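Dropping the structures in below, format is structure tokens.
You will see chain A twice below: alongside chain B first, and alongside chain C after that.
The block that comes next holds the complex of A and B.
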């Protein structure tokens, strides 16, 4: 079920009413309703893959219980590895099997050997990368004794399958989300209104910005050879806004929906396009994934400690793995490696934590230097996004080669004027709300009712006016 | 909780009211200003789908305007004709394509499927009455909900550009270049001819709207003819021929039927088994023009004259 579908517009109020009016007096029933609703939400796409979620839930629940009872270090490690191997095993099979087989064949044929292993026609279960990482975080945290394992199977199932963030995150840590299923939740007016406001802003970013960018981006990326360098730049820039609107929009809807049910999810995007360097960008983009990799991969590898070689190795590993997490394609790996290259000078110069505070905090406008830094960071990320969006490496290469040709200095063949105004509108709103958790949060707090409502209606009308075919969220494919 | 529900309810209610007002206002404005006027010499008009769209080259037929549009069903033709006839009193004769695939239940999807509704509803929303809107809504409520905002956008763009001229956007002769008949026949020889029992079923809705069109034309004192454009004898669509003849006899016996199905053409004059390419259209249109000039419509045995000429 898509958040931007009529199905969800019917599903959400039904679950909301059942949750707060029918089962509100019993915490276990509330959690059970969340599990059922989440399974319905997931089954809307393909019910067959529910078994995967259920199996993953059962394995990690049992591993958690066993870890609590087990004191023997080797046996504890074996239990942890059972969880890791089963979860990563599913992920590798469904997501990477054909990629490894294809590259295996290519590598062998390079040395003159011809092998013909079978490729399988595998459907990628939606959200597998997200819920796999979420359950893994539980097993690892229990193993590290950071979290007491739960004996409540319903609460654990609800944590794994919680529908607002099941298929595209944010990837919640068990330490943050799981305890919320143990506590009695009471309806809080301010929180619910805030949730609706965040949903509204998420829908705007998805339907108005991302989906409209998608039309132009697809046209340009699918016919790269027909366009001038300047037009390709338009395509690359619009893709940067498409993926931001798409994914941060999804996260806003997920977080807002969770708030309607009394849950607090962590912020997943913190206005990344206002970053002044790549390190800051990665602290603000897909925060739940970046911090997951930081805590469960980067730090165990040694993080920024050790020799220069080790530091460089760790940075490359985390970025390449992060790229590979997005999909079985070399384009994602190169995208990750390119970001590692951007990051390295900052790390080696110990400048990776230079921009911790919010840009131009407490001021209306940034300084010229800040503007230049923001623009240069945006240009670098946009260049990397070309690899992310391209079909394959040669497509990405031809796209970039054409950008850096004489035709860069011509007038773009495509000039999406209305879309540019809408993007500018989004950027202005996000700039003014950059000190909050999401773009329009401050309007809900500081503006007077008539202005606030006029603003909400404007956003709602823009959403309706620019809605058309429901476009899938990009991150569903990951 | 009560306060929250109340606020959400009123917010939604106000939104629905505003939305309805915008729909009605834009529809009324566009409806009042819509321009469907054609040249004063045009006395014959033709409506249909892709087959007549590719067959009747109206630049070669005197006083004739082809309004056919690929995939158009009688439901949308009805919306179009309601505007064209009152705005063009010079029109004397209306030709309506009446062919095998137009009456099949398969045509239903062209009325209310997401794809076709998105394509046509915004264009004709301003001219549809409540009954037609309810019809679409009951058939595909989700699709209908999705096209409503698109129709507002469509109307707003028209209003912004002050462009209410519809004629060049609602159909016309299509110059088809392709010549795929031989390759299609070759494939068919290998794979065989498929029979689809579902295709044989009639579309109740399409027949209903055809009746409404005929009724409307009569009320406007126009002569109505059902026509069938030429198509290849191997066309798969001909498998409901019996049903078509029966329907013609039962429901439209009083309406004259001009059948050009067997008009002689080479494979190279077809774009595929169902559509004439520009060569075929040229040959057929010139022939049809001569026939019209010789007074086909005034003669008593029209079909006999056609068959004799074919």
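The block that comes next holds the complex of A and C.
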């Protein structure tokens, strides 16, 4: 079920009413309702893969319980590895099996050995990368004794399958989300209104920005050879806004929906395109994944401690693995490696934590220097996005080669004027709300009610007016 | 919670009220549109009761693009309207038929263009935008379009829902409202010929599909029987016409003979004429076609004259 579908517009109020009016007096029933609703939400896409979520839930629940009872270090480690192998095993099979087989065949044929291809026609279960990481974090945290395992199977199932963030995150930590299933939730007016506001802004970013950018982006990326360098730049820039609108829009809807049910999820995007360097960008983009890799991969590898070689190695590992997490394609690996390259000078010069606070904090406008830094970071990111969006490495290469040709200095063949105005509108709103959790959190909050409502109605109208063909969220494929 | 629900109601109520107004605004402007694919004119004539025809032509694009009402009118001295629907099979052609009869006096004669696609159902509702302005609370459209992908009951009963995701239609409606359009109607009484030489795209697509067997949708076949029965009861004469197709098309469909047998059988059963042009001399000359299934302007002129002549000769059209 897509957030931007009529199905969800019917599903959400039904679950909301049942949750707050029918089972509101019983916490266990509320949690059970969440599990059922989440399974229905998931089964809308493909019910067969529900068994995977259920199995993953059961394995990690049992591993957690066993870890609590087990004091023997080796046995504890074995339990943890059971969880890791099963979860990563599923992920590797469904997501990476064909990639590895194809690359083995290519590698062996390079040395003159011919191997019969044995690829399988595998459907990638939606959201597998997200809920796998979420349950893994639980097992690891229990193993590290950072978290007391739960004996409440319903609460744990609700944590793993919580529908607002099941298929595309944010990847929640058990330490944050699981305890919320133990506590009685009471309806909070301010929180619910805030949730609706965030959903509205998420829908705007998804439907108005991302989906409309997608049309132009697809046209340009699918016919790269027909366009000049300047047009390809337009395509790359629009893809940067498409993926931002798509994914941060999804996160806003997920967080907002959770708030309607009394849950607080962590911020997943913190205005990344206002970053002044790549390190800041990665602290603001897909925060739940970046921090997951930081806590469960980067820090165990040694993080920024150790020799320069170790630091460089760790940065490359985390970025390449992060790229590979997105999909079984060399384009994602190169995208990750390119970001590592961008990051390295900052790390080696110990400047990677230079920009912690949001740009121009407490001020209306940034300085010229800040503008230049923002633009250069955006340009680097956009260049890397070309690899992310391209079908394969040769496509990315031809795209970038054309950008750096003489045709860069021609007038773009495609000039999406209305779309540019909409993007500018989004950026202005986000700029004004950059110190908040999402773009319109405080926007117009001091205005008189009619003006504030007029603003919300404008957003509603724009969503209606610019809604095109229903498009899947990009991150569903990951 | 109470406060939240009241606030939500206050927020949603103006949206609901405005949605009806906006729906009317978009629909009214959309049906002013004369632009491609030019379907609104025919629907407008139907719903406004302005068809005024003695002879109507039903079918797919092989009707709407192949039979020129001008030529038939000149020859038969009768008023003719072409209701052919691009990309649609008999299910939606029947919808158009009942809507037409609901708002207009019945014709004397229906020229029903049939072929082996007549009962083959596609999944999507082709050029679905043409139904949008007329869909709200129209349960005939719901009944005959619900088996296609893309629309649900909500689209038919809740204002604006059917326009969500229909960017082209909304754009068209707003441009009709705020910009002057000097475009003339694309079609004359539902007809538009295509004046171009042989176009390989369709040929390539059909060769890609390869040799295949047509599978008929049983419900649509039954509806066809029902249609013939109703016409018989209402004293509307029906002539089945198989319009020309380029001869090489024959090789592609395995169960062609069954199709012809079926149309012969029903025409005998209901005492209708079946005019089959599939072996006509036109079918062997590429110069009359722009693809294997459609005649070009030159072919249309020739075929329309031939059809008018045959209708006259057989005296199938009552004056």
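Methods note: the second predicted complex is superposed on the first by the 475 of 478 C-alpha atoms of A that agree within 3 Å, B and C clash if a C-alpha of one lies under 4 Å from a C-alpha of the other, contacts with A are read in each partner's own complex, and residues count from 1 in each chain.
We take it that contacts are C-beta pairs under 8 Å (C-beta built on N, C-alpha and C of every residue); 3 or more make two chains touch, one makes a residue touch a chain.
Predicted, not measured: the structure shown is a model, and the values here were computed from it.
Aligning the shared chain A places chain B and chain C in steric conflict.
Of the two partner chains placed by superposition, A:110 touches none, neither chain B nor chain C. In the superposition on chain A, no contact is made by A:406 with either chain B or chain C.
In the superposed pair of complexes, A:364 makes contact with neither chain B nor chain C. Under the contact criterion defined above, the residues of chain A that touch both chain B in one complex and chain C in the other are 6, 20, 187, 189, 192-193, 196, 453, 456-457, 460, 464-470. Chain C makes touch with chain A in their complex at residues 1, 3-4, 7-8, 11, 14-15, 22, 152, 154, 160-161, 163-165, 167, 170.
Those residues of chain B lying in contact with chain A across their complex are 1, 3-4, 7-8, 11, 14-15, 18-19, 114, 118, 142, 145-146, 149-150, 152-153, 156. Within the complex formed with chain B, the residues of chain A that make contact are 6-7, 20, 187, 189, 192-193, 196, 453, 456-457, 460-461, 464-470.
The touching residues of chain A, when paired with chain C in their complex, are 6, 20, 187, 189, 192-193, 196, 453, 456-457, 460, 464-470.
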